[in-house]
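After this come two complexes, each holding chain A, first together with chain B and then together with chain C.
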Partner chain A sequence: MTKQEIFNHIEESLELDENTLKEETVLDDIVEYDSMGKLSLIVLSDEEFDKKLTGEQMEEFKTVGDIVKFLEA
Partner chain B sequence: MKLHRFEHPDFTSNTYVLIDKLSDEACLIDIGEYTQTKKLLNRRKSVRALLLTHAHYDHIYHINEFLKDHPDCCVYASHYTLQALGNPKLNLSFYHEDPVSYNGGGLIPVSNTDKLTLSPNLTVEVIATPGHTPGCHTYRIGHYLFTGDAYISGHKVVTKLKGGNKEEGAKSVAEIRKLLNPGTLLCPGHGSTYQITESNTLRGLLKL
Partner chain C sequence: MNMERQWTDKTILITGASSDIGTSIASELDALGAQLILHTSSMNSAEALQQRFGQRHRVVTANFSTPSALNDTFKEVLVNTKVDGYVNCVGVRSRRPLKLLKPEHVSEVMTINFLSYLEMLRIVTKRGRFNEGLSIVAISSIAAQSGGPGVTAYAASKAAVDAANRCISNELHRKKIRLNSVVCGQVNTSAYEELMASKTDQEDKVLERQFMGLAEPEDISDIVLFLLSEKSKYMTGSCMYADGGYLT
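And now, the complex of A and B:
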């Protein structure tokens, strides 16, 4: 999966328009990154990337790039 | 009829208990909360039905404990919701520390426009209101309207979770708004109930 596709998945999970997010986008600045948005990303990680992502791990993420790196690894 | 609302302290999801005062029978809407609900039900003759608005874990969290206490109670919901009851990934409890699933009996699928007569004083109208999940139902019982998470006063419908659909959610909100007549008590899946009256109808509709 390309990096762009990962961005698109994240944007879709947060119900954002395409190409809204950049690697340096700070998660706390995204209104849609609320408890439901975080749960949506946890589901995305499991179903599309077969990776278990926990709420505790999400607390460590500061930027969208952190999520992308996790999903790419 | 007497309505009780109990809110889960962590999930904030509502469990509603509707009591028919004449027969002392109860009907539940969702089962996320079961501490105060259990205390109330222990004094009742019987529980006629559990109506599920949808199967997200915060609305079904105590279903196993409840059905163990009330094995004769039937569970009414959409096909999708009943399927999700037995699938922790669909009901999202898989991503919670305490997965929930129920695969036992007593499940009765209902669809849009169905009318259930649970007792002489208890008739339920089923309104399909997808969007938050594909299987969301709203239930109208007398002047009570139980909308689950398809419609919560002052909040945008959450459609970013698995199976959510923004367009369907908007259509369902429009359908529910048509049902908000003066006298209706709106009973959402989270938060307080909201009384629709002649004087606040316009203000209320604009706010919602």
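And now, the complex of A and C:
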């Protein structure tokens, strides 16, 4: 999966328009990154990337780039 | 009344016996001398159950994802055995916001949590498979009675179980069969640990409302045993809350 596709997955999960997120976008600045948005990311990570995303890991994410790094790894 | 003698004459079927709540119920009943039929879904957990509870009890493997296959397994199990109690502890959790609630996912949750339970009721309550006074207990959840973000599929499946118990209690009264639900709050189980590992910030709020704290599996099995026993003989189609105050 390309980096762009990962970005698009995250945008879809958070119900954002395509190509609105950048690596340096700060998660606290995204209104849609609330508890339901986080839940969507957990499902995305599990279903599309076969990775268990824990609450602890999520707390360490500061920017969209951190999420992309986690999903890519 | 000598309770121990009473249990030694009884056979209890527990589906989902390898769950923490199922195992707790099985332990209490085993200690009281009841005969058990323990169901689980995988060969590994079946071996673990047989090892833990010994050869005195029967262990059965069946997949609750395929309700139509349950009859073949259980009609053979119940051919020479009549049950006095049936407890269903099978349940899959689901946490998804609406936009991810695809029909396939909802259908999977409803199949395991509700349709298979309904199919088990059809199997167990067939003439000749139970003794007079059969008591059926379903493990339900506060989600069925209240609600919360992301738990739609799970809540709906448990609400369906409670609704089925209410309706079927009317139908099976003349067969002297009772059905009740135990509406559980958060219980200290491996499923709860998994939930907390991927918690967002909703989960802490549950325990704020559940002001008596997390339940232990034994808190639930004590209530299940009461519902299985004749001490609850005037109760059917009801929900007993074991929620540590959550629904107050």
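Note that in this section the second predicted complex is superposed on the first by the 73 of 73 C-alpha atoms of A that agree within 3 Å, B and C clash if a C-alpha of one lies under 4 Å from a C-alpha of the other, contacts with A are read in each partner's own complex, and residues count from 1 in each chain.
The rule is simple: contacts are C-beta pairs under 8 Å (C-beta built on N, C-alpha and C of every residue); 3 or more make two chains touch, one makes a residue touch a chain.
Bear in mind the structure is a predicted one, so any value in this text is a computation, not a measurement.
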Exercise. Which partner does A:Glu15 contact after superposing on A: first (chain B), second (chain C), both, neither?
Worked result: both
For this session: Could you tell me if A:Met1 is touching chain B, chain C, both of them or neither one (first, second, both, neither)?
Result: neither
For this session: Determine, under the contact definition given at the top, whether A:Ile42 touches first (chain B), second (chain C), both, or neither.
Result: both
Exercise. Is A:Val26 contacted by the first partner chain B, the second partner chain C, both or neither?
Worked result: neither
Exercise. For chain A, what residues appear in both contact lists, the one with chain B and the one with chain C?
Worked result: 15, 36, 39-40, 42-43
For this session: Using the touch definition up top, name the residues of chain A that touch chain B in the complex.
Result: 13-15, 32, 36-37, 39-40, 42-43, 46-47
Problem set entry | chain A residues within the chain C interface of the complex | 15, 35-36, 38-40, 42-43, 52-56, 58
Exercise. Which residues of chain C touch chain A in the complex?
Worked result: 95-97, 99-100, 149-150, 196-202
For this session: Using the touch rule from the top, collect the residues of chain B that touch chain A in their complex.
Result: 89, 92, 94-95, 158-162, 166
